[in-house]
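In what follows, chain A forms one complex with chain B and a second complex with chain C.
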Partner chain A sequence: MKVLTLNFLSCAVKTCKSSSDSFPLHPKEAELAKDDVEINPQLLVNVLPRIDWAALRTTSTELGFPTLPDQPPTAEELEADEKMLQELHTLLMEMQIVEGKLVCGHCGHEYAIREGIANFLLPSHLV
Partner chain B sequence: MLPTPDTSHVPYARVYEPAEDSFLLLDTLSAASETGFLASRFSSSRTKVAPPPLVLEVGPGSGVVLAFLTAHAATIFGTRDILTLGVDVNRFACVATRLTVSKAVEESASTAGSFLGAVQGDLVGPVRSGAVDVLVFNPPYVPTDELPVPPAGIAEKSKTTFEEDSHLLALSYAGGRDGMETTDRLIAALPDTLSERGCAYLLLCAGNRPEEVKQRIRDFGPQWRAETVGTSGKTAGWEKLQIVRIWREPVEGDTAV
Partner chain C sequence: MSRPEDTLQADVHYNDTEARKYTTSSRIQTIQAAMTHRALELLDLQSPSFILDIGCGSGLSGEILSDIPESEGGPHVWVGMDISPSMLDVALQRDVEGDLFLADMGQGVPFRAGTFDAAISISAIQWLCNAESSETSPAGRLARFFNGLYASLKRGGRAVCQFYPKNDVQKQMITSAAVKAGFGAGLLEDDPETKNAKTYLVLTVGSAGTKGDITGVVEGMDGVDVVDSRRKGKTGKGEIKKGSKAWILKKKDQMEKKGKVVKATSKYTGRKRRIQF
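Right after this comes the complex of A and B.
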């Protein structure tokens, strides 16, 4: 599962959906792996407005990547910044979470990730 | 004709094997009417920038449809800049989907989008509100007396018995009353799941009472549309299977969001 996926997932517990604490989920004891993906600067520039930057910043810091700036770069800034392009490419397109847990900041439920597949099925008392 | 992804590695004892319904989805999603619709919404042009859509398949099973959409992104969406994700209740289906997609992407690297991963979950439960731009669902649509109980969060093992395999397969086709019990839950979640520009492709069989289903979706509000965009297996005037496209159109004079 690409690290970028965390930008689109939230806690599966119904009563958490409306809480801002259920997004993003917090990786815990995460083991990462890196795929080799050819860089596509156009995709990175286009994907920026699609991303919740504050959430990505949280994820990036929690996984031990360099701290992202407070504000997302503009398209022009990103196109001109080779280093930023490469960093974002690695973080968004190459990094995979292989093992570990995703923790909800609202209810504390932990979703296990095993061999790259996160399990969001809830035990019956939480459905 | 775009090539159909290879699924020869998929364990069909416990994961739904691609069948007429899967192929109807491939045919419909690559037909000119749908590629035109998708490109007009999701590919950038000189006059507009369209951020990459998130394409979610619910219940991908073997992964044949999600692999097709990912591998042929440039042809189907008019752009390679798409992100794809699968959510399946069956862990074996998640593993199968991941392999099917990566094989298909390797075959068609020059037209392929970006696959995020496959997640085990119940329908759109793991997905953030408003995040999905294109949702595809080939549901368990066969009318059955009983709906199989979904696996709980604790049931996760790598070895399964024959009974457990049968149960996993039943989850992929048994739809309960009118074959609609699971589909109804998905439909109810659509307004919260789809983005403003979002759309969904839903497969229905004749036993699901498709005309009533479409009307229920239109009753969500004046922006909502539901139209049949693909059919197969016509017998005596009845389409056995059909694909319904669900989307929203801005209503004229409507300023409220």
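Right after this comes the complex of A and C.
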């Protein structure tokens, strides 16, 4: 699962919908892999305003990546700076969580990830 | 035509054998590809987008999303959800590019608000009309799904869901659930009244770049007739004033139809009586 996708995932449990702790999900015992993906600058510029930067910073520290700057780059800055574009592309699109768990900060539910597929099926008492 | 959703649950029906059969059948591949292209045409995406594929299965439709050339606004990045582990296993073996999730669409869409540019679903949402346990109901599952989908799409986003409705009641049930969630909804039917009829539920969040209502989506497309079955303004009811001549005539007519003895209508019917001293 891409780090980009993790930035959009929230806990699926009904009672967590109203809590701010249910986002972002915290990776635990995560095994990472790097996939080669062709860079797509337009897509990154497109998704940039939707990325929750604070959440991305938390995730990247938790996964052991170097700390990100405090503020997200603007679309113009990103388009001009090829190095930053490449770094962001590597972090968001190429890094994959292959095995591990995602933990909700509110209810503590653990979503297992196997072979890159996260299991979001809920037992009926949590739906 | 047999309907698998009538006999088994989706995750039980699509076991390893069934999933492989489904993915390797060239007939199914062609149909799925044609439907995905049609759905993309309806989504009308101009630049590389972030798309949700609901009921992605083995990634037949997702593959097409990743393969859109740059000149046509691609390639898109997609995230797929499916309830069948076997289908996802086939997708893994085929090495698809999107992220996969094992999730039940009837339990909602676990993404935060405004995540996706668009959503696509090929031959999946008819499964929502069946409830497997007494704890869930089709209406509840539909509501949960459409509410989640509405929230996870960005304002101005679109969703296209191709599905196989069993009958008109099911069609009505699905559309009204979508409208209740807040979508602008319309049904597009290709080859209606033939065996190959394909139904697409087109959903918009906000104005979605169309002028006016949902019919703006198909504006400029060839060979599409717009049939608007929405109620327009006031219906005939309520216009007849109680006690008026028209009302009396209507009542007399009703009584006559019931088989009661009704006095013949004359020029005095419904006339005010003169004040008597």
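Everything that follows uses one rule, which is that the second predicted complex is superposed on the first by the 125 of 127 C-alpha atoms of A that agree within 3 Å, B and C clash if a C-alpha of one lies under 4 Å from a C-alpha of the other, contacts with A are read in each partner's own complex, and residues count from 1 in each chain.
Here is the rule we use: contacts are C-beta pairs under 8 Å (C-beta built on N, C-alpha and C of every residue); 3 or more make two chains touch, one makes a residue touch a chain.
For clarity, every value in this text was computed on a predicted model and none was experimentally measured.
In the superposition on chain A, A:123 contacts chain B only, with no contact to chain C.
By the touch criterion stated above, A:5 is placed in contact with chain B and with chain C alike. Contacts of A:46 after superposition on the shared chain: both chain B and chain C are touched. Note: residues 1-2, 4-5, 8-10, 12, 23, 40, 42-43, 46-47, 50, 93, 115-122, 124, 127 of chain A belong to the chain B contact set and to the chain C contact set alike, using the contact criterion stated above.
Residue ranges on chain C touching chain A, taken from their complex, read 47-50, 75-77, 79, 81, 83, 88, 92, 97, 99-104, 107-108, 110-112, 114-115, 117, 133, 135-136, 154. The touching residues of chain A, counted against chain C in their complex, run 1-2, 4-5, 8-12, 14, 23, 37, 40, 42-43, 46-47, 50, 52, 93, 115-122, 124, 127.
Residues of chain A that touch chain B in their complex: 1-2, 4-5, 7-10, 12, 17, 23, 40, 42-43, 46-50, 93, 96, 111-112, 114-124, 126-127. Partner chain A is touched in their complex by these residues of chain B: 44, 49-52, 54, 80-81, 83, 85, 87, 89, 91, 94-95, 98, 114-122, 125-129, 131, 150-156, 192.
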